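Here you go, one structure.
For reference, chains read A, B, C, D and E in written order, and residue numbers begin at 1 within each chain.
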Amino acid sequence: MATEAAGETDHDGSGSVASGVVSSVGRIRESKMAMIGLVVTVTMLLLAIVAPYIAPHPPTAGSWPAELDDSFLPPFWESGGSMDYPLGTDQQGRGVLSRILFGLRLAYLQGVAPVLLAASIGVTLGLVSGYFGGWIDEAVSRVIDTVMAIPLTLFAISVLAVIGTSLVNLILVIGVTQWVPYARTIRGQTLSIKNEEFVEAQRASGASHARIIREAILPNTMSSILVIATLNIAQVIVIAAGLTFLGLGVSPPRADLGLMLAGGRDYLTTAWWYGVFPGLALMIVVLGINLLGDGIRDILDPKYSE
Amino acid sequence: MNWFRYLLRRLGQYVVVLFGVSLIIFVISRLSGDPVALMVGMDAPEELRESIRSDLGLDEPLIVQYALFMRDAIVLNFGESISMAPGEPAGQLVLSRVVPTIQLTAVAVFFAFGIGVPVGVISAIRQGEYADIGGMTFALLGQSVPSFWVGLMLILFVAVPIDFFPLAGAGSIRHLLLPGLTLSFFMMASIARLTRSNLADVLDEEFVKTARSKGISDLRVYGSHALRNAFIPVLTYAGVQIAYLFGGAVITEQIFAYPGMGRLAIQAIYSRDFPVIQAVVFFAAIMVIIVNFTIDLLYLKLDPRISYGGDR
Amino acid sequence: MDGQSHFDTTESATDHLLQIEDLDVTFRTKRGDVEAVNGIDLHVDAGEILCLVGESGSGKSVTAQSIIDLVPQPPGEISGRVWYKGQDLRTVNSAELRRVRADEVGFIFQDPMSSLNPVHTVGRQIVEAIRAQNDVSKSDARERAIELMERVGISDAGSRFGDYPFEFSGGMRQRVMIAIALANEPDLLIADEPTTALDVTIQAQVLELVRELRDELDMAVIWITHDFGVVAEIADHVAVMYAGNVVETADVYEVFDDPKHPYTRGLLESIPGSAAEQGRRLTPVEGEPPDLTALEPACRFRDRCPDAMPRCEDGMPATFVPDGDGDDRHEVRCYLYDDAPNADGPTDDGPTADAPIVDGSNGDLSTVDSGGESSHE
Amino acid sequence: LGGGDDGGSGSTVTMAPAAGPTTLDPHNHAETTTSTYLIHFYDGLVERNTEMELVPRLAEDWEQVDDTTWRFSLRDDVTFSNGEDFTAETAKYNLDRVSGNLEGAETVTVEGDYASIDSVEVVDDYTVQVNLAAPDPIFLEMQAALRIVPKEYTEENGFDALSDDPVGTGPYELDSWTRQQEMVMTARSDYFDGEPAVGELVWQPMPESSSRISALTTGSVDLIRSANPRNEEQIENSGDLSVERVPSARGAALWLNMWQEIPGGDEPVFHNNREARLAVQYATDIPSIIENILVGNGFEIHGWAYNDQYLGYNDSLDPYPHDPDRAEELLAEAGYSDGFSTTLLVPRGRYFKGVDTAEALATQLGDVGIDVSLDTPEFGTFATQTQEGEIPGMMLAAWGNPTFNPLDPYGNLVHPDGMFSLLPKQNQPSWVGELTSMIETAQQTADREELASQNQDIEALIHEQGVFRFLFQYRDVYGVNDRLEWDPRSDELVDMYPASLAE
Amino acid sequence: MSDSEPLVQVSGLTKHFEERSGFFGGDVEQVQAVDGVDLTIERGETFGLVGESGCGKSTLGRTILRLYDPTDGTIRFKGRDITDSSYDELRPLREEMQLVFQDPFSSLNPRRRVGEIVEEPLAIQGVDKREREERARKLLERVGLQSEHYGRYPHAFSGGQRQRIGIARSLIVEPDFIVADEPVSALDVSIQAQIINLLDDLKDEFDLALLIIAHDLSVVRYVADRMGVMYLGELAEVGPAETVFQDPKHPYTKALLSSAPIPDPTRRDRERIILEGEPPSPIDPPTGCKFRTRCPKAFEECTAEPELEEEDPDHHVSCHLY
């Protein structure tokens, strides 16, 4: 009986975290923007996942020395190009298309991993400082102000220059610099949620702080977290690409979009495909996530769902 | 004198922030390995290294080093550049680059607001119409394209074919246009979208209906009532974004060979010139704080509630 | 004025200061179309206070805002006529509309907290209203604003002129709103629940003030409230709204003395004040108002109506004048008062396939008025 | 100031190097980029001409009195740009400063290069004698890198005064300078060797190679260093531009780390294992890299004496050919039939196509089973890392040697005590001891003939043991506007004194 | 604990809030929300509390439940002094006292199912799931909802239904004492009556003592046995509800009753006491009698603070006129 009733509700509205997410995914169909974003993102993600099976060439090493002799072949529609390398080759004779396909994997990894880190730091700090207030809040607020005063790119550059460049370090550094929006938003929401009467009701029933945070506050911030995180993934992908572009991120010979952009910039006038296609791929990835994030925000916005 | 207290309180918070910044800077720079290796020739004798080390205070305990660092940082003394311009005071080196970067960011902010706000306003007023869809598509793209790619494309398709735009350097308005546009791209797009959504929200507010009910013109309704209220969150956003802008200047300056703080920072970091790194980050933080303080002042002007103990 | 006579009027009978005819407002939302206001006819004369009363969501504010075109479009869509001093405000040009807003109609909004612009001083907001359409010098306007502030009971007006809304209490803000509404001595004052957010002691002050002003300026007032206590205190005439319809209009004494519509009766019996005096248990109106996005072509009250009958399914009833009632302003939209026994057709524009005709009759069109249901449009 | 046909914007030439100078004190830096600027302000006693021959400049003549004594007779008609005269006192003052013999002066960056100087004597107003502590076969070569600063001026104002306002004897003086942005130099009409043909030099550093190319093609710049061979075609095709190429004094090699313990966890594969080193030699295909990655801008080399310009070039040696099968055999002999993994350290942004070359090498080594991952720090990090001995299994670097004598790399890169030597420091196989003593002997050999044959032996031993995988000597490429007549130099310096404008 | 002991006994109860402002929030202003209130509530009794917005009604109610720490005074619940009990010590007592809220929207966690919300107090007390659910379903039916509503989310319910859910939540632990803070003021009249009737029934059925806070005088008159009138943190008048309505003593009570609109147009021309101005700020209340700044009958003595004194049997007034 209980399950029946529960089953009945799930399709008609939002609900707990999980069902909230599920139902908003269901409602994505209502938002054209979100729909496009979802399709683009899912497509690109699929391409990334199946890259090893569909990429015409391996992303890095190949059969030597034929490959090096193939350097800077243009895309197939230009004279000199061939369907062997549909989007042309780079200076090492590697297929641009294959590198992009593999590069997508890194792009999503570089987007999602730091965001997970940043979200867990930011949400924790935001909950704690908003809920307990007092000196904890004051301290967290000053830390937030401090982090906001330092240009994060500069900070990331400095730290990466110190701890060395690697994919893991890149993810770590971006992660620890991106938590501020989570902390700020969640803190603000916690401040207002903790004054809601349903929290008071829990307190009036003797619930512990942990229980209140877990059951009253966190679930009600979840949709904001989801929205910030989605949009943040897009931002982080761009930041990561920028750092790699400056030479502080992923190292060659990995197939990485930022790295390809950096490599391709010297050849924009002579072998444009080397820098332009990775740029386009990056843009599509980011655009897809941005659309998706916006759509989710619209859907979760009470104004919209009224 | 509530506004005065408000400003004092903000200033107090900024002092704390500067202290935090200095601590972060110090930690980073001391983690960054031995600068002496870069200062002297590759085969310099050990005694020489030792003596340089003690000249720089590098042989003191960390806490003492930090105290020394703070003492000097207060008067903007960050020591001498080690590898980029040996002997030059790092502070001065950075100071000579501050103006171009301020110019660049100012141009970027100008573009961001000058283009972003009108686009946002038009979109909000023409919700759902083609102007709105066009404006917001542009804004969404703007948020999705890495600014360095924008810069490269601008070089390729604008600067190279059109003689008017110099490819590198600084010194004139012409030098500022493309880098400024590149740097402002993301912020411009964000401001357009933020303006639109805020204005749309404000237009739904009761007081806008009140204004309409008075029989005043639409221009006044939008200008004097709606936009001013919608602008407050945009300003807040700009305050948050300004640090990103200074960060973004690093890449932009690199691409356009623009001699600003950002490029200096990159060079300093590549050559581990930590006094210069310290100075750059510190100056950048100070500029962020100055901008934010200016925004605080603007708030006082724009939002009277602030001066009466409100917070933003 | 005869409640049924303007069925085929295209030009207004301009003997009323304001006359609303067949007003429909629909909001197109993601959830579906909200038929917020449906076929409303109302009128008010100079010096008269008309109370619009009804539950939350019944369409009171939307009706009021439609008069001077304040309903946001989109999402709103409005049809109908709003005759004011002989011209239809729905068709006048925007300059004229602005002039009417500025000089003829004053509007007080429900929530004094959100209806003043937080970033302008109250003085500036009053002055803006004074100068909106009139060539008044700044200093004259300022003087007049201070006068107004004093008139609405803001003491020390000269020094409070430069204060911001957040420096005022709720009651004081509502006075500021009244000052704005009265800035150019309007002939019609529309007050949308101006006291709901206020304490009773302050409410009493405001009610007193409005009564005085009405007498002084001979304004017509449309006063919106959901509190029958307030209605009893201030109204000359009452229009009871339910789910987008005006279900009953009458003289205030009639309404309390002899409520006709089952809904009006239910409301009056729900009020603890009167119940306690009679020492009996409250009789609530059971159930909830209908969802305005999913209306069926039937009487909108029928699900909650203790007197519901099969006929109620036919469509929203037309306006009837209760049998034997001498007062020509007592009108009810309820089949109980259909004195033409075979006039049971729905008020839809002609019979439709899915509207069952209970009595087998096609109805007597003579009772159909312009307030007819138009949910098929 | 000025005079003659100085002036007119027509005699202005604009250059876009990759970087600006860090300082204008010629003794306090070790960067070719900075030297390019400073050679216009300062002269040396001895200099190299465009053909890299040692020619007199401030010194009219010199003689090697004995193995450890050199005597220079100086010009008497030289004045600094501030009017101060150049004399033997000035020369001594400079030599003392760079050899650390100047009382109370701070140590300078170039000190290590002049360590062999024991003392300097002023013989007369225009003669100076240098006494060496030990024979130094490259003493004169090093003199060509030393620029002379004024004595009285610096004694009065301190050396710091030079760091942003140079006072030299050179053909140009500073007009204006905005760091990393623009430097303008004007010709000295009173230059002792004759007024330069180009009246004004404008330097606008551009780190982006694409910006440089664009600036050149749009005509806003007359001369650039190209970092991108793909653009050569573009330059050559655009009517009034041409490409100048010159073999560089810089040679690139792959260092094989022979230490017994390697920081960072790479296995010490190359320690005492010649087969493993030779496997690397055969696994790699240098001509292909030169052709594809450098687009022809390089020459295959087989030792630190790249060619017969270098003292001790050994023409009996041949570069190891590309032979992957042989490499795999050797690998098996070395005990690594399944290959091994290692790391290749290469600085980014420093060497022409450095990272690309490393990537290609890694691919080639991968084909025989050597799994190479790249570590590509910025040069600053690279420099620190290498000096602290944080060097993994392999390292790609290039060594510029404008002395044309391989003794310089032998000392720094081969001798186990050298800064960048990766020869084993413990548990040395016998050939290492042999090599060490051969180098030490050569370093004391004053006779050039004898030195040449000693160098040849050293070359042969290095080659035999496969100490380095020698890659190539670079070819530098410049893009030049045809209105400018200018010759490139092998030492990467851009010298505008000999340049002139075509009519 | 004896039966003669009142259920709730409050004496000298004071609650001041600190408002921070100024440099680093260094200036602290005291909001004197509740100031020296004496009050007893007997078992099964319904006590109504009226007063203008901001006069401290909610604060008083919440402080009695020890959701706020009192600044001064004592609170005894069933004879036990709970003034200084800690949050954890109070936990078992929460079974005996509960709260019903004004806002039917913000008082229900939108992310939890109705069942979970109603069960929450039991879950905190550690009752097992099966029993919880059974009791919750029963109670939902009792308050006029359906057992099937157990698995729904609050957003699917109207204001009145939500208020029923809130009432069910407070009843599930079968408390002896409920504070209902304006339980009907957010509801429409027609719905309001439903909820008032429900509360009326439940209080007998569950033998509840009820502290009902309202600003609508007629609601209090309808449900309360005794009532108190609050002004600026103090009780101005306390007495049996009907007595206070019929024979108000305190000038404030008189003004309040006179201001309240009466749903009878024939009485609109009655004599009315219309107060001047608005209540002063609780940050800086007037000295002496707090009502004297607006009191039409104020005289010199009013500068002294009046005591709440018994005027008629069980009818207390705090005014110098008596």
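Definition applied: a residue touches a chain if its C-beta (ideal position, glycine included) is under 8 Å from a C-beta of that chain, and two chains touch if they have at least 3 such contacts.
Every value quoted in this text rests on a predicted model; they were computed, and no experiment measured them.
S.K.: Listed by label, which chains are in contact with chain B and with chain D?
M.R.: The shared contacts of chain B and chain D, listed by label, come to A.
S.K.: As a test of understanding: of all chains, whose mean C-alpha position lies farthest from that of chain C?
M.R.: Most distant chain from chain C: D.
S.K.: Return the chain whose centre of C-alpha atoms lies at maximal distance from the corresponding centre of chain E.
M.R.: D
S.K.: Write down the chain pair with more C-beta contact pairs when C-E is set against A-D.
M.R.: C-E
S.K.: Can you give the whole-Å distance between the Cα centres of chain A and chain E?
M.R.: Their C-alpha centroids are separated by 49 Å.
S.K.: If you average the Cα atoms of chain A and of chain B to get two centres, how far apart are those centres in Å?
M.R.: Distance between chain centres, rounded to whole Å: 23 Å.
S.K.: What's the distance between the Cα centroids of chain B and chain E, rounded to whole Å?
M.R.: Distance between chain centres: 53 Å.
S.K.: How big is the gap, in whole Å, between where the Cα atoms of chain C centre and where those of chain D centre?
M.R.: About 91 Å separates the centre of chain C from that of chain D.
S.K.: For chain E, jot down the residues that touch at least 2 other chains.
M.R.: Within chain E, no residue touches at least two other chains.
S.K.: By the touch rule stated above, which residues of chain D touch at least two different other chains?
M.R.: 208, 210, 214, 349, 378, 380-381
S.K.: Give every residue of chain C touching chain E within the complex, in rising order.
M.R.: Residue list for chain C touching chain E: 55-56, 155, 169-172, 199-205, 207-208, 226-235, 252-253, 256, 266-276, 281-286, 288.
S.K.: In the complex of these two chains, what residues of chain A are touching chain D?
M.R.: So the residues of chain A touching chain D come out as 60-65, 67-69, 71-72, 91-93, 161, 164-165, 247, 251-253, 265-271.
S.K.: How about chain A: which of its residues touch chain B in the complex?
M.R.: 142-143, 145-146, 148-155, 157-159, 161-163, 234, 238, 241-242, 245-246, 261, 265, 268-269, 272, 275, 279, 282-283, 286-287, 290-291, 294
S.K.: In their complex, what parts of chain B are in touch with chain C?
M.R.: 127-128, 203-207, 209-217, 220, 224-225, 228-229, 232, 302-305, 308
S.K.: In the complex formed with chain B, which residues of chain D make contact?
M.R.: 16, 22-23, 25, 28-30, 107, 109-113, 160, 163-164, 178-182, 204-208, 210-211, 214-215, 217-218, 220, 349, 378-381, 383-384, 387-388, 412, 419-420
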